[in-house]
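The next part holds the structures, each set out as structure tokens.
The two complexes that follow have chain A in common; it is paired with chain B in the first and with chain C in the second.
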Partner chain A sequence: MRRISPVPVAAVGLIGLVALVVPWLGLPDPVTIDVSNRLSPPSWQHWLGQDEVGRDILSRLLWGARSSLTVAILSALIGCAIGTTLGVLGGFLGGVVDLLTIRAADIILCFPPLLLALLVVTLLGPGAATLIPVLGLVFIPGFVRVAYAGVLSVRHQEYVEAQRALGVGPARIMLRTVLPNIGGPVLVQFSLAMAAAVVLESGLSFLGLGVVPPSPSWGLMIGAARQTMAQTVLPLIWPCIALTMTVLAMNALCDAVRAAVDPHGMPPRERRWKLPALLPGLPLGAASSLSVNGLSVAIDTTAGEIRPVRRVSWQVAPSETLAIVGESGSGKSLSGLAVLGLLPPVARAAEGEVHFDGRELLRLDEPALRRLRGGDVAMIFQDPMSSLNPVHRIGRQITEAIRVHRKLSHGAAWREAVALLARVGIPDADRRARSFPHELSGGMRQRAMVAMAIANRPKLLIADEPTTALDVTIQAQVLDLLAELKAENGMGLVFITHSLPVVAEIADRVVVMYAGEVVEQGPVGEIFPRPLHPYTAALLQSAPPEDGSLPKAIPGTVPLPQHFPAGCAFAPRCAMARPECDAAPLPLEQAGPGRQTRCIRWRTLASEPTMQRAEA
Partner chain B sequence: MWVARRIVVALILVWIVASVVFLAIRLVPGDPAELMLSQGGVSPDAAVVAELREQLGLDRPVWDQYWANLRGLLVGDLGVSLTDQASVARQVFVRLPRTLELIAAAAILSVGFGIPLGLLAALRRGGWFDRAVMAAAGLSLSVPVFVVGTLMVLLLAQWLSLLPAGGFTPLARDPGRHFAQLLMPALTISSSLGPVLVSMTRASVIDVITRDHVRTARAKGVAPAAIVAHHVLRNALIPVVTVLALHLGTLLGGTVLVEYVFNYPGLSGLLVDSVNARDYPMVQGVVLVISVLFVALNLVMDLIYGMLDPRVRHA
Partner chain C sequence: MSALVEAVSLSKRFGPRGIFSFGQKPVRALTEVSLSVARGEAVGLVGESGSGKSTMGRVLLGLMPASGGSVRLDGIDITTLAGKEARALRRRMQLVFQDPYSSLDPRRRVSAQIADGLLAHRLATRAELPDRVAALLDQVGLPPSHATRYPHEFSGGQRQRIGIARALAVQPDFLVADEPVSALDVSVQAQVLTLLADLRARLGLAMLFISHDLPVVRSLCDRVVVLYLGRVMEEGPVAAVFGEPRHPYTRALLSAAPNIDPVRRQKRILLKGDPPSPADPPSGCVFRTRCAWAIAACAEAVPPLAGAGHRVACIRAGEIDDRNGPP
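And then the complex of A and B:
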């Protein structure tokens, strides 16, 4: 938990302090009536003036803070104690207890809070003594739900299971493990309950159903001053200000507590997602080959700029398949997204050039890029479930891709969409076009994504881990489909993946990425039998071998962008590393025709192909 | 099928609510009849208490009372008011449409400015417009409704004489005055509902904008305005509808204060009057009707939710 921002704490603390010390401030008695001076303006004796029966407004205001906060704290405590206990018991013990507590809370939630309070006040009569338990009751369900959810989330975590296995009793587990874990959310709920209690107390008192006159309460003061507001407004304004300021301070405190408890709070500075002006784009040319030169992607974080992609270069020719391989965090997906300007808002292409059809894509304006996207350059993403819009039918999503780029009637576009679905091997395409994404299987969804991508016969298709979310048989079908389409249309294919067997099956050339850099590049037929970078070699060994022997995992993980080393990024995990590897950034060396490697020891690796196997 | 299941669940909830309202009076310590009659600590006459007990049927066994109560509900009989012997059901159904109209007007106003402002704030996230909207929403949310209402009366009615300070005129008699009197209470309610919708819409849109399917739409070359209309707004409204449903329910309770401030003779005004008069059958009837309304509202919202999100229909 981070520190809670001090300003709201100080504000609420100040109000609390005033409420605490008000009996010793030497103020006039808040209930002494002085009818002859009713509605007097502010004076030396009465700084804020006198109310409709001549009582001192300042004194009533400060005493009002006392009653308001007393009710707020006590009722929130009651709600917290009972609600949290019930929620923890329900979540922890489960079964009947669970049913009773959670359903009871749900039923209380069926009554709007103010109504529930009114119902009980009818039965018990108004007054602060009624108000506190009533509001406590109103707050119980909130605490039950928060505690219940918290317990459910920690109940099955390993450290709790471990304690249970060690024979620790449930009461002890609850006290030691569960309570500290739900502390944050319960604290947030507590601050919310206090703020709500202040509002509810003043509202009920305003109606004459809360604090009983002549006791001072802001709600009562506002209610009474309303009657005389035609004569003077000051007695009305003061309690309105006091109440609003208090609620404002408490709401700010709620936000501060929530921000401190919530681990996702305080996102890094983000660029705005602008609505660019609609401008005509440039006409499209004929030749098509994509070349990426020295591309870097930067992300601004609170700790400064990081570069998850660094000076990456690769090319893909028409009818060629280029595979970009690497572990998660290697920057392979980001470099793919950067090509079409689809980087998430936090990231931007910081340097480099991307050429396609004689145009530089990184300098292209948004409308021109838009014409390219889904037109000459299409993209497929990893998870077809989340990549399709869940609320629109499949056919409509494909139709949209068609009609964005070509002037077609809705009917014609729909017929084309159905034909596309049939083309990618979806049976009963006519009916499937009317399905929603959740009604299709994973394989069919990815086929639908492919259909959408090829709708305008792209010259280049960028596929970002298109088969990762699918099982092996479906994977093979989608790969076959892509190969077929490529042969049919002569389109170039950039295939981003972490799976080497897939690369061997589909790709002509491979780019291996590590820690944001290209570490090796060359034709598949040469790299697979003879890798010239220890990382490629390690990747090849970490794939399950066909002879049934155990694959070799690469020790360690990819460094985070903020911790990229100065020299070779793979050196800390490399069995062949020498001190000179860490000294300075290594260049990408030419190692034969069409082959590059970023290893200074590639000659050693090339001459002793067994060495890697022995040392790694 | 999905609709039928939702309706059954709603009916069960109504039954539970009716039972709880029935039990509330019996579970309170002390004799309810005596509680109702005692004013300011003076013990009431025993004969009067006995008479009231008989009138309310409190002298009969609890099960009998419970069945009588449920049977009455089925035929729309909510009992008889203690103050004027009028039928509770009739009173309630005179007042109910007025409160519903007020809530509908408030909801339309809140949705009308809350969702567009929330959307624009999200699209201009971090900019001055976003910060201004969010600051205004936070402030507006912090002022209790009865304070907003009272200050609005002071400003618009007393000082500027733009709108009537309160009251109610039937639509048939004078439509102009009817809507003039409706505007201020509806605006007052919007001052608390609107900001909730603004921040909810903003958060939801920001969440949806970063989802994969929006990236897919961009990858298809769809223009930003069309992305917002077809791929962001519709998806983003799903959680907003849920929140709206929850808050409309709270609003039903919140109208108590607003109707009081504007002297609007709705259901809640009836409730406050009968609470003050300790007219228990009337309170019971009003609370029951409002709770049933709350459940019905949630049902309607569930149905809208199903229309927005096709996945729900199959869950």
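And then the complex of A and C:
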């Protein structure tokens, strides 16, 4: 649990403390009448002045806080305890219990809360003792609903299922696992209930149905001051300020508590810096379709800046497939996103250049980037469901993608969309174009994404794990499709993946990334049989071999960006590491035509057959 | 070898439920699936998404009620048991989840989560807990000092080890591992596979290893069962099924897996289209709509699982080999 922000804690603490110690503050009696000094302005004896019968306003305000807060806390506690219990029971046990608890709460919810309170108070007579249970009752349905909704989302979590599999009883699961995980929303509801109780108590007292005069209460004070409003407004303003400040402080406190108990935390503030302009005279646009030079991506965290991508360079030529391969945390996806200016708000390109068709993309403004994206450069992602708009038909989404970049009539664009769907192998494309994304299977959705990506005949397609979520038989279909499209249109393809076998299937050249750096690059046909970096070699060996024996594991884990080693990032896990590997960052060495490796011992690796993967 | 866990003609249908789903067909997740796992044996259950493999694991463990058929543990039918008896038997069968993130409670310390099972079955007193938790962490290769940490302090591979320690806490005889390495990085996958193989050898655990990744199954399991659309297509020893697959679906599945070796990549059998909806499976053989060998007779009756040891549910299994391609 993180630290709670101190400001709201102090504010609510102060209000609570004042209400607690009022009797010992030596204030004038809040009910002593002094008619001769009625409505007198603030003075040294009476700091906030006197009310319509000459009672001390400050004293009545503080004593009023006592009754307001007592009613608020107790009624919110009652509502919270009963409501949460019912909601958890109903949500977790389901069936008849669900019906009894949730429907009962729904019935209470049908009554307007103020009307319900009015009714009960009229029947039982006014006073704080009646007010507390009545407000408690009013708050129950809110807590039931919040707890119920929370439980419904938590009960199917795998950690709850794991407890059931262990044979843990339902009572224990509800108490130890479900309750803490719905704590956040319940706390927020508690803050709302307390704030509402303060307001409701004042409102009912104002109507003469709450705290009985002459006992002090904010509602009574507002009610009384309203009648003398024409003579002086001060007695009206003080209780209103007290009421507002209390409600605001309570809401702020509960927000702070919720933020503190949430283990996921909030993202830091968004910051964007544009890179400095390029120096004049730098060469723009080489023979390659896309060239990335020395790209670094930085993320500002509370513990300082981290660089999950460090000085990455690669090129892809027209009709070439470049695979960027790496494990999670290697920075492969971030480098792909950075190229198109699609980095998440917390991350930014910190240095480097990206050249595409004579333009430098990292320094391009957003409108120009937007014209490029989906036009000359397209991107497809791992999860088509989150990239497709769920409320629009597939055909319409492709039609729009076409019309953003080209002046076509709607009819012509639609016909082209259908043709594209047919091209990517969706049967009955005319009918499928009218389907919504959820009506398609995972493989079909990914095909639709590919259709959208190639709609404007891009020169370059960046595909980030496009087949990872697919079954192997469907993956084979999509890989074949991408290879065909590439051959047809002469487009360059950047294929980001964690799977070496997929790389072997589709790529011409491969860039192996580890801990934000390129550790090896070269033609697939040379790297796979003859890796020149120990990480590539170990990765190849960690795939289960054909003969059914167990794969060779790489010890340890990928380091986090804040713990990247000073020297070779792979050295702590490397069987070939020497002390000099840890000393300083290693350069990317040229190791034959078109091949680079970031290992000082690559010559040893090349000459030692035992380090190589055995040829099948 | 006598069966430790035996599923006899197990079926599972989902829905339709509620008044608004009138006229909808139930989804047939599993249809008459039989399998048995002997003491200390590892059986692989492979298939694509929608094949019912995860449902099979859940039904076996009693986390979902079966719609038909029975599950036997040491010959005792556990499908009809309820309450305390079911809980006691459940202790002997445990589950390792796919997602190392959602399967651990983010708000509780690792030690408390591992201790849950020990306390629920009174396998340890509170005083013994710290030692037992430390021993379990040690067993999965984590330092005992990690017990007081929260799940978010661990990497995916370490979380998966914690999940395994939690399952081992109640001293099970049988472990259902549902895609335990598919969410992990390639370099960490091999670590967890080695751990599972090692635990199996040391503790004599029987295992049902559910996976879509065929090479992984091959490296860990003795036998393999291939599911498609809730039905068993082929089953047998891994060497036989992987070496000489006899069902057209198994052959396609094996050839579709991408391969680093360029020679093996040549003979790909590309399946057309998507698997049909499990709410409306084809008549006869469920695979016939995507099968290159399908003939009229395939639509008529469900092919029986025939053979001894290496069994295949295909009426043309005898005619299919590498020399003659599909007609």
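Assume the second predicted complex is superposed on the first by the 481 of 616 C-alpha atoms of A that agree within 3 Å, B and C clash if a C-alpha of one lies under 4 Å from a C-alpha of the other, contacts with A are read in each partner's own complex, and residues count from 1 in each chain.
The rule we apply is simple: contacts are C-beta pairs under 8 Å (C-beta built on N, C-alpha and C of every residue); 3 or more make two chains touch, one makes a residue touch a chain.
Fair warning: this is a prediction, and the values are worked out from it, not measured in the lab.
Trainee: Under the stated touch criterion, which partner chain does A:Ser328 make contact with: chain B (first), chain C (second), both, or neither?
Mentor: second
Trainee: Of the two partner chains, chain B (first) and chain C (second), which one does A:Ala259 touch, if any: first, second, both, or neither?
Mentor: Touch status of A:Ala259: no partner.
Trainee: Please work out whether A:Leu119 is in contact with chain B alone, chain C alone, both, or neither, and reply first, second, both or neither.
Mentor: It touches chain B, and chain C stays clear.
Trainee: Considering only the touch criterion stated at the top, classify A:Arg370 as touching first (chain B), second (chain C), both, or neither.
Mentor: Only chain B; A:Arg370 stays clear of chain C.
Trainee: Give one of first, second, both or neither to describe whether A:Ala378 is in contact with chain B, with chain C, with both, or with none.
Mentor: A:Ala378: touches chain B, not chain C.
Trainee: Quick check on the complex: what are the chain C residues that touch chain A?
Mentor: 48-49, 61, 63, 87-88, 90-91, 93-95, 97, 99, 102-108, 112-113, 116-117, 120-121, 150, 152, 155-158, 163, 166-167, 169-170, 185-191, 193-194, 197, 212-216, 218-220, 238-239, 242, 252-253, 256-265, 268, 270-271, 273-275
Trainee: Can you list the residues on chain A that touch chain C in the complex?
Mentor: 157-159, 161-169, 172, 176-177, 180-181, 183, 263-264, 327-328, 427, 441-444, 471-477, 479-480, 498-502, 504-505, 525, 528, 538-540, 542-546, 548-555, 557-558, 573, 616
Trainee: Once bound in the complex, which stretches of chain B touch chain A?
Mentor: Chain B reaches chain A through residues 13, 16-17, 20-21, 24-25, 28, 32, 35, 123-127, 138-139, 141-147, 150-151, 153-154, 158, 209-213, 215-226, 228, 230-231, 234-235, 238, 249-254, 256-257, 260-261, 271-272, 274-276, 278, 280, 283, 287, 290-291, 294-295, 308-311, 314.
Trainee: For the complex, give me every residue of chain A touching chain B.
Mentor: These residues of chain A touch chain B: 107, 110-116, 118-125, 199, 202-203, 206-209, 219, 222, 226, 229-230, 233, 236, 240, 243-244, 247-248, 251, 269-270, 272-273, 275-276, 278, 337, 340, 342, 344-345, 366, 370-375, 378-379, 381, 383, 386-392, 400-401, 404-405, 436, 438-439, 449, 452.
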